[in-house]
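Shared between the two complexes below is subunit A, which pairs with subunit B and subunit C, respectively.
What follows is the complex of A and B.
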């Protein structure tokens, strides 16, 4: 590191993330950091995280591909197909690589509910791929709700018997990036940190503090309404959405300041409650997402 | 001598698809598509709050999540007897337009182009075949557009977020239209972004697709399939604007002209799907079967929807032909061209809708849940007709059925011997090099398979009374 980053420079999460990626770019150009291999595995999920990554802005996905990593495998993007694609996954096993996984691991019927390819004419299940690559990877990123804690793929009654990546790799340390989907900055910023300084500081659940340390509620622009007890009664109202079931008071992300899709908006900005998509236990622990009167008398289930 | 070719995974699609073909004398004689992912959304939805269906079902698919918010909102409006204001419809349909644009641009440049264009020296773009025919100047131009398209598709999602909060998995589409109100600022923000996207489609995407077609004319001769087309209607039936794109129509080779679509002709079959139930055929609003990965005859997680017993093709080409806007033919290349032409069409529709939007209209109210109700939402989305059928009991979801566009296009065969649409489209295809068959992937990708969507489906196998939805 040339210059330590100290005040009076801006210490917002956004500014730190921006500095990280600019520094990464500079160091990469100067040959100070080497591009590393990245394997991006999609398992039992909606492939929405890779779509979110394509939405990344500064750093963009193009930049990531050209300046940060050699993307060696991605079901959504690679030109190869069939066993020739799987071969690229096998080849990387003997090299140094960072593993990013989105989607949960389906356990039912030995993993046959999620077959991601074939190898030597045999189906390669998500379970096999996660274990095979997870054991060899130098760093692991669990990307999105399904990979970090099962997410929607493991929602009750969990028909595919899906579990988190950590559940099938209990001894491996991994960085967890919950979110449905992950914010592109959370992923790309973490990746940049890994390449520059190693693994970022995380909380007891494995989430990088630079993105997941503060409650939405603590930085919510509608907090003054909460403090004065002025609550929305329906979607579309401009006041505090707490009584419609807003999960901002329990969800730790920087959505209020970072916002989404080039910082144009975010769920609360859209006059809807946060549904806690970045909380462990989402969706079941965060349901119901929308209640028109949370002060009602709750009937027995 | 016949040779068996298996492609698994078929990459550059959403989700997991396996394809097995038999090639005899360099011609495909048999084909089987296998959906390789099962999640079970329909079972997960039972017991949840009906309002949660809108955000929950979006998680079926990362590339077309807004589609599921559309169908679930329509189904809930049907069940709750809510009629949205036209302003609500306009705004919701604008969000849907944004998804079409995002999807079509990404599908063409990120998923389709690498089949025909050598992108660059990068581990990600290493190819398996050498059938790259474009002159260097054109190849380099489209290869550059692969990257130039990324800020454009990104800004399509940005437009979606302006009205929808975030993308993918938006918060905006809901009962009544959208959750928030339009403002003058948002309208010009959208119009400005749309202008850049429209210019990209006109100046780059459409010329690029026709250049590819020029150098790969043989793809006009393959991938045709049955020629049965279906749409549930798209941007249609506005009170004042009428139909901006296409009404609900079907056509088969036996018909002289397209006929109105009739929902009661839809059934789903599971003879060759990994599901069991006493009867192998049922209506969408009946209950559906249990997953059974060990079923002997089964070979896919995708079920087989049929219209009057026929497999039907859905998607941009079907819509363009049924609306009378495209007459060239039905083939792999026509399908790819249709997607680019449709992107232009959708941009025009969005412009029209934007002109109608009034700022500051509150579209939301406090909704009450009935003790019991049924509803269905059918809408054409990026890949074709999407249907959600739901039932409410004790103010909770008691039933949820989803038939996605890729279920129509990537179904397995049925008891009448009909193959799925994509399977049929492969039959008769000449394969130049059976060891590196470029043709199969190109034909399948022309359908824009979304196997995350096609293979989510499942609900508890308890027989309930059939309920007429009209």
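What follows is the complex of A and C.
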């Protein structure tokens, strides 16, 4: 009976997530897992990742707050404001904490293009906060396109001179979760892995292999159309969107199997090309997002 | 070409393949082999899905047996009015193109920009390659680069030492 057998449990995303969260709950009640401090810093970005995070299911964001971490600071979600909010940020510095950062770091005019609060009547810039917390955090998660590689904030002509978090913390190891926005499972899954087992296995660009190992193209349900050279001519066509500029062949995520909005659908499932939002260099390197004038040969009827 | 008997035969073949892979997965322990078989299983299921859609499509249109599916391979599609692509031989000294290949000036190369149905060509180290149906060149663009240009320096900066990438591309000629 040494042979591995196929598991009899349900293997849907929901069932797996429910089993994981129940186990984690139990371990926490038994004192085997301890909640840790989380600082969620929003710098130069659009807050899209935290909005995506609030859409999380299995686990939900409420579960994260109740059972996974003590959220000590979040620009968008905390009740405190002004210097009282900054005080909470300063208080965490002497404790053990995990730092999650979304948004790029604006460098222009010593970071004054992105002020996140004030401290001792002085503006606290995103640059100062990133360096101050980044040096002391036990683990760092760069969340979303802007934090991992500059993303939309650093797109040409980049008036705020935004750079990635790694650029201002060159000596720190960090887990990079690209995506515009990041999928709630990618962030919460990485966070849960960090608490349960330590840092997850990553590729040479710092992305966790459990979410970012496979090309979209290799899991695309429309791959047979690509292999046969049957291409969509317009948005809404049910065939391969390659000739319209689909970036699935250069983007590594598990979107085809995980899907979005509670595993309901994903761009290609809705007949629109992948724009490569989780690829380094997005958006400039992934543009144009859609092209109609391409190598496709249009036959006259 | 795509008659129902043939599709059924292909479907049965895929079912056999899938069963074989499922059996292999249930008895094997080697991680690296597992991922290869999982990939093949995934592709098999995708193809089965495709064929079942095709069959359903034909069933709903009784008088319509032949799909307008191209009989050409993707690599040849879109270049039908060009000279046919010779078989690719990935030799180490591939920088020397065969003598019967076409000579491109930089201006001629610029017309193969992948627009308005034209094929997409790019040049690296004096060799002109066809990227029309290369999967990393969707809509004839690749990480901000557009087709029809010489990308020797760009290839060096991103893919230094990865000559194997070039070896898989159809050669169209050389740059003069």
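Methods note: the second predicted complex is superposed on the first by the 272 of 301 C-alpha atoms of A that agree within 3 Å, B and C clash if a C-alpha of one lies under 4 Å from a C-alpha of the other, contacts with A are read in each partner's own complex, and residues count from 1 in each chain.
The definition used in the following text is that a residue touches a chain if its C-beta (ideal position, glycine included) is under 8 Å from a C-beta of that chain, and two chains touch if they have at least 3 such contacts.
The model shown is predicted, which means the values in this text are computed figures rather than measured ones.
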Could you say whether A:288 touches subunit B, subunit C, both of them, or neither, answering first, second, both or neither? both
Given the superposition on chain A, which partner contacts more residues in subunit A: subunit B or subunit C? B
A:65 contacts which: subunit B (first), subunit C (second), both, neither? first
By the touch definition at the top of the document, which applies to A:242: first (subunit B), second (subunit C), both, or neither? second
For A:229, using the defined touch cut-off, is the partner it touches subunit B, subunit C, both, or neither? Pick first, second, both or neither. second
Which partner does A:219 contact after superposing on A: first (subunit B), second (subunit C), both, neither? second
So, does A:82 touch the first partner subunit B, the second partner subunit C, both, or neither? first
Can you pull the subunit A residues that subunit B and subunit C both touch? 287-288, 290-291, 293
Using the touch definition up top, name the residues of subunit A that touch subunit B in the complex. 44-52, 54-57, 60-62, 65, 70-72, 74-86, 88, 106, 108-109, 112-118, 121, 123, 151-153, 155-160, 162, 180-181, 233-237, 260-262, 264-272, 275, 277, 283, 287-293
For the subunit C and subunit A complex, residues of the former touching the latter: 25-27, 29, 39, 42-43, 46-47, 49-50, 69-70, 72-74, 77-78, 80, 114-120, 132-133, 135-136, 138-144
If you look only at subunit A, which of its residues touch subunit C in the complex? 3-6, 217-221, 223-230, 242-247, 249-250, 273, 281, 284-288, 290-291, 293-298
Subunit B residues within the subunit A interface of the complex: 6-16, 18, 36-40, 43-44, 47-49, 51-52, 55-56, 59-63, 65, 106, 110-111, 114, 119, 122-128, 147, 150-151, 153-155, 157-158, 160-172, 174, 179-181, 189, 291, 293-294, 362-368, 441, 452, 458
